[in-house]
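The same chain A turns up in both complexes below, where it pairs with chain B and then with chain C.
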Partner chain A sequence: MKKYVMIAYFFAAGLLVPSVGYAMHIMEGFLPKEHAVVWLIILLPVLFIGYKQIREIVTCHPEQKMLLGLAAAFIFVLSALKIPSLTGSCSHATGVGLSAVLFGPAVSSVLSGIVLVFQALLLAHGGITTWGANTFSMGVAGSFVAWGLFKMTTTMGLSKKVGIFLAATVGDLTTYMVTAGQLALAFPDPVSGFWTSFVKFIGVFAITQIPLAVCEGLLSVVVYNTLVDNKERGFSTLWRQDQGEHE
Partner chain B sequence: MMKKQNIILLILVVFLAVFPLYLQKEAEFAGADDQASDMISEINPEYKPWFKNVWEPPSGEVESFLFALQASIGAGFIGYFFGYLKGTKFTR
Partner chain C sequence: MLYLDYLAYNNALRHVSVVEKLLLGGGALLIVLVLPQSIVLLTVIFLMQIVMLYAKIPMRYLLTLWLAPITFLLTALLPLIVSGSMQPFPALTLWKIGHLYLGVTLDGVLTAQELLLRSMAAVSCLFMLATTTPVAHIAAYLSRFPPLRLLMEISLLTYRFIFVFWACVGQIYLAQQSRLGYADKKHSLKSLGLLAANVGRKSFMTAADLYTALLARNYSDQLVFQYSRQPVRPVRLVLIVGVLVGLCATTLIH
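Here is the complex of A and B:
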């Protein structure tokens, strides 16, 4: 049931934002006020659902608290490391794919939101006014795509390992595509409009991101491997989705 | 088995991060977000950011300190987590 509500919500979000549901962190003050507000409004319901799910995990499945901590820690590490890329500039991964696969997209949106507040306040990276838009791209868009892709690939019969690699890699890329889309919506090219701008911003963000996205995919598999290796030792309820299907 | 695979994967990650440094010897390796703000002023020269960061790290050193702090908090927990897993193995 919850799943359908989520899907309906994303369709609604898609209608509200006609052009793209696609965004590195947008710098403080670099989104016009109306845009900043709209992204925040779209984001809030997801954060609310995520908050409720986290509360449920903490109270009903305390054995999963450690795993939740691991997912958050993974986002902390990956989003702090600016890695050089083939294009001659630097960017960082998001780490969101792993938590999306483990706990679903709403929980992982909340975790991204927390990391982005830290970076906006202490690192002047991203910003408070652009927090909504950035949390949407990294948390909501990135993790929803990762989660959906993981479900799809594993349903198709691919191994979980391949599924998690694809989910984390494509989820990472999605985040940066969405950032490019958000910026292009705010700054369409004066002559040829949205798409020209979109392609320009993609050039800055998305291409740089490709090798980093692959790194994120590989690292997610490393964590997955280690978890599976220790599955019999208290992490049998490792994949929340599997567990839901048995209920 | 898993361990071996993990080592291979980690080597691949290091390679992906280091290889660009050889390939693009002339490049500056600036942050992609700075390039985006250049792009914005190109598309719309009139636009002025309407809000400034509440606080900015006073220098590149302080900034990298904070980034390192963020990464080490995360890495610390990940180490604790896997150490805990390994520990439970022996107590059973």
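Here is the complex of A and C:
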């Protein structure tokens, strides 16, 4: 009986997992309460900085409020688009690399937080109690790594295409690795502890996440190039704060 | 996505106050997290399905909604059930692959079982909120609290434009598809990139136009969103508090 249950489990996993690529958001109620609270506490200072930056922007330029709202809607729509993955299935982007490069990491973390609430309530992906952990992995870790990498590549004189590709790909992979770390911390392997658990979580999510990260990188290059090529109208001061980088 | 929002506006509980629904969904979610005992979790799962069925949410749609959480559960429970080590270890079933031992441990199965129930109970609470309460109503309610005002204004703008952009995505996608834009993988990626970029461009342009339109209507740095305010009924409020207290009491008795 046990054998049949296990076979049915692996069959269902094989059938469903590659087809739905939202798997990297930790689902509602999955984390124990202590972990949910700790990730929220760790997240708060970054959100506070992001919130302060947004307030300053909105005070100096009231029109930016519209842009922030619409930018969050854009990131949401971007994350809802199905990307044809290299494995033959379809997956969803995080949009974190592009948003970090366009708006900066602190603002991007707040926008990611808003997008994650909408994903929970409109798409039933992620959750409210796991919002802190998900926002940390996607909005903070993903955004900061993507932005740092883009800055580094532009400073080194590499082409923008390479910069944006690396930012989006590595930003996506960082989100995935931090989530695997969060899960491994919450559920260490009963036999070998944290690291085995981390490797196991990395392993199961790698099937969808590595091809997805590469595809998101390629997609971000096309999006970025088209936006920069058509920047005569619609480019706002929020984006222009780093305009030098986007010329 | 649109259907979930449609249901939130068109269910049998649409006239019930957002405060009551937040109290029931949020309160039950908190209890699930703080007091995760099997009896409580099963009661919450059952209770939330009853509430959703009472709200006339189609059963078939509820089943499709469960697809995403089940996918995550199938993926994430696998590493919990199977343990690995270079040394043999006590397990229900043990396999040897090269120098590596893989096995199903009792601890792993128990953790997975507990997690499965807790996650399903928590997801039920989330589904209850998502299917019966429009996001705009929650955001408009929360915008009454001054520290959240700015974030809620941005969230409400986001909410409204998600649907505008989504409709735009549908139109562009159809136009691209009719021109063989998605004929193969290479073209698919390029077409999708162009689609996303044009939606992005449109969002920046719409933001500028929206501000101009608002200025023409005496905009004074504060967006006013209208939504129907349903009165809080004390009887229902007492009933919800009673249910939540009952759930907590069950834990103590158990």
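Basically, the second predicted complex is superposed on the first by the 174 of 247 C-alpha atoms of A that agree within 3 Å, B and C clash if a C-alpha of one lies under 4 Å from a C-alpha of the other, contacts with A are read in each partner's own complex, and residues count from 1 in each chain.
Assume contacts are C-beta pairs under 8 Å (C-beta built on N, C-alpha and C of every residue); 3 or more make two chains touch, one makes a residue touch a chain.
Being a predicted model, the structure only gives us computed values, none of them experimental.
Participant: For A:A73, decide between first (touching chain B), second (touching chain C), both and neither.
Facilitator: Both chain B and chain C are touched by A:A73.
Participant: Which holds for A:C215: it touches chain B only (first), chain C only (second), both, or neither?
Facilitator: After superposing on A, A:C215 lies in contact with both chain B and chain C.
Participant: Is A:M152 touching anything from chain B or chain C once the two structures are fitted on A? First, second, both or neither.
Facilitator: Once the two structures are laid over each other on A, A:M152 reaches no partner at all.
Participant: May I ask you to decide whether A:I54 touches chain B, chain C, both, or neither, giving the answer as first, second, both or neither?
Facilitator: second
Participant: Which partner does A:T226 reach: the first (chain B), the second (chain C), both, or neither?
Facilitator: both
Participant: Considering only the touch criterion stated at the top, classify A:T129 as touching first (chain B), second (chain C), both, or neither.
Facilitator: After superposing on A, A:T129 lies in contact with both chain B and chain C.
Participant: I'd like to know which partner A:L183 touches here: chain B for first, chain C for second, both or neither.
Facilitator: Both partners.
Participant: Examine A:I41 and indicate which partner it touches, taking first as chain B and second as chain C; both and neither are also allowed.
Facilitator: Touch status of A:I41: no partner.
Participant: In the superposed view, which residues of chain A touch chain B and also chain C?
Facilitator: Shared contact residues on chain A: 25-30, 33, 66, 69-70, 72-74, 76-78, 80-81, 83-84, 118, 120-125, 127-129, 183, 187, 189-190, 197, 200-201, 204-205, 215, 218-219, 221-223, 225-226, 230, 233-235.
Participant: In the complex, go through chain A and note every residue touching chain C.
Facilitator: Counting only chain A, the residues touching chain C are 2, 6, 9, 12-13, 16-17, 19-20, 22-23, 25-30, 33, 36, 51, 54-55, 58, 62-63, 65-74, 76-78, 80-81, 83-84, 110, 114-115, 117-118, 120-125, 127-129, 183, 187, 189-192, 196-197, 200-201, 203-205, 215, 218-219, 221-227, 230, 233-236, 239.
Participant: Could you pull out which chain C residues touch chain A in their complex?
Facilitator: It is residues 1, 4-5, 26, 29, 32-34, 65, 67-76, 78-80, 82-85, 89, 92-93, 103-105, 107-108, 111, 115, 118-123, 125-127, 129-130, 135, 138, 150-151, 153-162, 164-166, 169, 185, 188-190, 192-208, 210-211, 214, 219, 221, 223 of chain C that touch chain A.
Participant: Once bound in the complex, which stretches of chain B touch chain A?
Facilitator: Within the complex, chain B touches chain A at residues 2-3, 5-6, 9-10, 12-13, 16-21, 23-24, 26-33, 35-37, 39-40, 43-44, 47, 49-57, 63, 66-68, 70-71, 73-78, 81-82, 84-86, 88-89, 92.
Participant: Given the complex with chain B, which residues does chain A contribute to the contact?
Facilitator: Going through chain A, the ones touching chain B are 24-30, 32-33, 66, 69-70, 72-91, 118-125, 127-129, 183, 187-190, 197, 200-201, 204-205, 208-209, 211-212, 214-215, 218-219, 221-223, 225-226, 228-230, 233-235.
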